[in-house]
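Okay, so subunit A shows up in both of these, paired with subunit B first and subunit C after.
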Partner chain A sequence: MSKLMQKLSENILDKFSMDFLRNQVLKNAYGNDDTVIAGLDPRILLAWYLFFGLIPWFVNDIPFLLGCFLLVMVTTILARVAGLVLFLFALGVFAQTGYLFLVTLFFGGDASAIAPLLILTLKVATISLASITVFSGLDPDKLSNGLMWYGCPERLSFSISYAYRMLPMLMEEFQNVLLSYRLRGNPPAHDTFPGKVRYLIYQVKIIMQSFYPLMLNTAKRSRTTVEALELRGYRYAAVNKAVKKIRLSALRVSYNDWLFLAISGLVVAVSVLLSTLI
Partner chain B sequence: MNAVEIDGLTYTYPGAAQPTLHNISLNIEKGDFLAVIGNNGCGKSTLCKVLNGLIPHFITGTFQGTVLVDGVNTLESDVGELARKVGYVYQDFENQIVRPTVLDDASYSCLNYAFPDYLDRGRAALRLCGLEDREGEYVWQLSGGQTHLLALAGALSLRPDLLILDEPIAQLDPMHADRIYEVLRDLNEHHGKTIVVIEHHTEYIADYCKHVMLMKDGQVRWMLPTSQALQRVDELEECNIFPPQVTQAAHRMRRDGLLSGSGPLPVTVGDGLEAFSALRYTPSPRPVPEAPGGGAAVSFQDVSLSYRSVKGEPHTVFQNLNLEIHKGEKVALIGSNGAGKSTLMKLMVGLLKPAQGRVELFGEPIGEKKAEDLSRQISLVYQNPEEMFIKDSIRSDIAYAMQVRGREGWQERTDALLARFRLSELQDRDGRLMSGGQMRRASLAIGVALNPGILLLDEPTANLDIATRREIMAVLDDMKDIIQTAVIATHDMQLVCQWAERIIVLRGGQVVADGTRDEVFGDHEVTSLVGIRPPEIFTMGQRLDPAALCYTIDEFVDCFREVSL
Partner chain C sequence: MSSMQKQSATQSQKLMIFVLSMSLYGLATLFTELIPSFQVGIVEFSVEYFLFIPLTLSMLFDPLSAALGAATGELVFSEIMLGQFGGLGELEKFLTVTIGVYIAGRLVRDPKNRAMVGVAAFVGTAAQLLMGTVVDILKVQLAVEDFEAVAGLPESVFATEGFAFLNDLLFSGILFALLPTLYLVPKLYGKIEPLIGMAPRTRDSAVSGISPKAILVCVIGFVCAIVAELLATAGTALIDWEAEWAESGTAMAIGIVVAAIVVIAVLLVMRRAGEKKAAVN
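Now for the complex of A and B:
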């Protein structure tokens, strides 16, 4: 048993190494550019998101919510979202409502609390999954093009894709700074339980301290980036309407987009129908 | 018409007391391939930023004189217009790449300047740089050399006539460095581009550049054809620039009366064949290095390791690797970028765990060691010193490891280390704000603070100008007595030849050669397979006599003697 526990804890630690996080973030951003969802037009997808991200808040009808939930679950599967994101989603949603259920029971509630909680859970889950589909199924560039079409400032869309360009570099650097601490630091012994707690606190402290050198290093490298952006015409593009036009001319609404909208509409219609029948 | 005409240029950075550029007048011809040399802080980079209009349009300051680029006065133009005339590649080129995919980045400037055919222009630029088959890849999948080519493609896409590159090959292995220069030569000869490089590697200058300009204290000393410029050995050395090894050897031999003749000094191996034709090789007895006495310091047993990749199958780095490093050895680990050198080092310090097999340190598996024991036995100095500075002054950085362990007398030892690495004056400064050589010295001091049994150095001389590199090599030599076992991963073959007693050659995660320098460099099959480029002086010796194995200028001068026929 203790061996199993050790193996398990080792495994979890191993899974949550910086390397793994970096890999998951990259996978999330770029690892799924060949899926059905990634092939859709970002404008269509954003409009779709406007519906599934807002409407469920105002509806309390279980068949309708269930229908929406099933639909976004399918789109999430189609988008091939990275495991870590799904895990965080599950943890977030069920910790939230599961905890509410426990509190209800504690204060003398009974199983009748399940129905209202189910509605809340479905709402949160539907909206979260719709967000995950759109923001992680699309690669950052398409997403920013779509946002730009809807009139978001060019600066925002540049920031999104630049952040994704920088992330791998930053994470690698962060990993190296952390390693510096690990190589030179003197972590408390962690064979006993209080030792383990101290070790955990130590690690959290180190992670926080690592941000300081990381930020200074980033500041140093951004000097070149700022000059290079100037040379590469970033400032000209921001005021030039023609650039926006050229960039957005690549957006095309295809047969697949209409099909996607049609199927979504169909599912919604069927679930509305079901709820009126019941 | 000249590509660049500068007249009476004096420039002072905002807030600086002294002008950085002082009364510069020069012309650069169209179609020239010019090398700008000079020691650190002489104004080379500043001059280049004047050409692309960053100075005075983006960086202000006091600007006097006129600068004409392609007939256009930079004062009357703006950065956008000049960017179409002048392409610029930074020394830290990875920071000028701002888009996630290759084609995206190559065409980014064209998109910003609203060219409807921006993608075609990007593709054309990629083709010029030999990256046409990688247009869909993400930028972090590229090797260092390819990233540099991409930065070059990004600059080329606007089709400028003048290209400026700031130390293009400082971070690259010799194969990638050759590739960059071949691309530059092609651009210069077949596409009519004027090229200006800031360069310290005089061997490359001799092979590729047409003219050389020496700068000193913000002024242009002279601008001469390459073969004449590199003759001025004393003057160059005074500015901390070292002519090609062949030139240095000929200069030294002539000075000492060992080589007759009065013509120009040879600057390339080809020239050397003629200049040294009267020399004959006489092997001089060399001390046989003692076989290391100790047992294994590190041993790899059937180690396999692979990385997760963003898509598809994991990338295998090592497959059943077996390797042993003995106590007291000075090992150089060589191989092209991506051969697994850094990964091997990370395995040795336990930062990576092998998927299969085991890594042992002094006979015990690494996984079972406590972190504290481990860091006393082995220490790793990163390639990028900035990542080792975790405190706000180098004094506290050096002291950190000793302090948290509560080592007795850590303050005295910190003082001693600061003095030893000549950092006492700088001890309260943040490491990041120091010069390249100072940063490197500080990172070495941090690495040896705990007196580790094994010291690992990842590219200790990368990104340094030649003078600083010499300094670091002297420091490494000086450290030989305080560290027992050391492993250096490097592309710097001069360092390998001067320092290492054993050379391990990695290729695609396999050890393809392992032995003394004679065994490795003498084996042509290995050197051509892995693309190792021995120091120029070694190649020179080999061309004169295939039996000659001279790794340094000293050895060359000792071994080759003039014989009267």
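Now for the complex of A and C:
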């Protein structure tokens, strides 16, 4: 039994190595440029998201919610989202409502609690899937252009582009710092239970300590970044209307975009129709 | 800010602080998002709470830039990049993180005073967690119809949220926010500032201290977070409207369905025509 557990935990630890995480995140960001969703105009997709991210909160009609849920499920499949993201989504939905259900039972609630919680789950699932479709389906540059078109602060679209470009480097650097700490350190023996606790504390401590060099390095890097930006007049360009116009001139709305909107509208209308018939 | 005259950061230094805080806290929250937490009984052990990073930075530098950077970093790295963006809920998280970190940064007058740093870190964390708890309770109350009618649900929500608050504050708050901040602030003080090109913060530099204006800004921010919730209350009126409309609207719904089908057909024809044109050209 203990051997099995050990094997299992080793297996899981293998899966969750730093490289795996990095690959999944990168795949999510850049790996699906050729999907139907990625080809759509970001402005249309954001408007679509505004509907499916907001309206389900306010509606308690089960056929309507189911219709929306099915639609966003299809779009998520079309966007070919990375497996890890979907796993996190499932975990998140359960953590939000399944846990609440268990505690409700514990406090003397009965099966009558299922219906409202089912509605809540449907709402949460629909909204998260809609956001997964839009934010993982689009590539970062398109996304930040779309947000900029809607008048989001320049800081936000800058942050998105910067984050996607810098993240792999930051992760690698963090890993290097962590590994060098491990090399120099002497981890406590972890055969017994107290030893395991000590080992865990040791690991957490190393992670905390490795933020010290990381902070210094990142401070240097962010100074370089900002100075490079300043050299090109970033702060003036960010508020200049002409520059914004040039940046956004690449956005085009095609027939595919309208088709996408129309099909979504059709699904919603059919689900409303069903709910009026029932 | 009223006291911007001396030793406060220039615009580009503020941008540096913003970028620094954003990338570090973003990276950390990305890890917490990816590493699932595990529960022993009802006590949740998670590697959550890397809040010590923005706390440290806000005590050493301009608090507002560090706070905004941290909140943006969390939004961009762990929500948008992983497709976990939750709409209205993110606004609330954004504001609470900003306010919590900002309060902590303003509280510290002298980064070399350890007691002050500890108190500030704890107060900032507690403020952030408390606001999050209040908003969470409101959210469940508004989302579930007939909240009071479901047996056992109100108590369970208060119990889980209250317990999560205490658990987070005592466990994650002390272990992952207080201790690392106490370790990092004195160690980084005087070393990290030259890298950004500014003088270390001292007792009489401009950004320290809680002023009435700062408190006012925080209160306004929290009110904004509540307003996001009030918007959800307005949604209850929308539900009634929807139901009323649904009763008499079968014909209307059929009309919309037909219209959508016609639109799709027209678009398909137009697209084909457009493709032909492109092929000819």
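In this section, the second predicted complex is superposed on the first by the 267 of 278 C-alpha atoms of A that agree within 3 Å, B and C clash if a C-alpha of one lies under 4 Å from a C-alpha of the other, contacts with A are read in each partner's own complex, and residues count from 1 in each chain.
Operating definition for what follows: a residue touches a chain if its C-beta (ideal position, glycine included) is under 8 Å from a C-beta of that chain, and two chains touch if they have at least 3 such contacts.
Keep in mind it's a predicted model, so treat the numbers as computed, not measured.
In the overlay built on the shared chain, the residue A:T225 is in contact with subunit B and with subunit C. Of the two partner chains, subunit B is the only one touched by A:N23; subunit C is not. In the superposition on chain A, A:G185 makes contact with subunit B only, not with subunit C. With both structures placed on the common chain, the touch criterion links A:I132 to subunit C but leaves subunit B unconnected. Applying the stated contact rule after C-alpha superposition, one finds that A:A237 touches subunit B and leaves subunit C untouched.
Counted by residues of subunit A touched, the larger count belongs to C, out of subunit B and subunit C. Using the contact criterion defined above for the overlaid structures, shared-chain residue A:D141 touches subunit B, although it does not reach subunit C. Residue contacts after overlaying the shared chain place A:F106 against subunit C, while subunit B stays out of touching range. Legend: residue contacts after superposition of the two complexes on their common chain; A:P116 is shown touching subunit C, with no touch to subunit B. Shared-chain residue A:P168: touches subunit B; no touch with subunit C.
In the superposition on the C-alpha atoms of chain A, the part of subunit A touched by subunit B in one complex and by subunit C in the other spans residues 162, 164, 209, 212, 216, 220, 222, 225, 227, 229-230. For subunit C in complex with subunit A, the residues that touch the partner chain are 11-12, 15-20, 22-24, 26-28, 30-31, 33-36, 47, 52-53, 56-57, 72-73, 75-77, 79-88, 140, 143-146, 150-153, 155-157, 159-160, 175, 179-180, 183-184, 187-188, 191-192, 195-197, 232, 235-236, 238-239, 242-243, 246-247, 249-250, 253-254, 256-257, 259-261, 263-264, 267-268, 270-271, 274.
Across the complex, subunit B is touched by residues 14, 19-20, 23, 26-27, 30-31, 140-141, 161-162, 164-165, 168-169, 173, 176-177, 179-187, 189, 209-210, 212-213, 216-217, 220-222, 224-225, 227-234, 236-237, 240, 242-243, 246-247 of subunit A. Taken together, the subunit A residues at the contact with subunit C in this complex read 16, 21, 25, 28-29, 53-54, 57-61, 81, 84-85, 88-89, 91-92, 99-100, 103-110, 112-113, 116-117, 119-120, 123, 127-128, 131-136, 143, 155-156, 159-160, 162-164, 166-167, 170-171, 174, 204, 208-209, 211-212, 214-216, 218-220, 222-223, 225-227, 229-230, 235, 255-256, 258-259, 262-263, 265-266, 269-270, 272-273, 275-277. If you check the complex, the residues on subunit B that touch subunit A are 52, 54, 58, 79-80, 83, 88, 90, 92, 94-100, 104, 108-109, 111-114, 116, 118, 138-140, 154, 307-311, 349, 351, 353, 370-372, 375, 379-380, 382, 384, 386-390, 400-401, 404-405, 430, 432, 446, 449-450.
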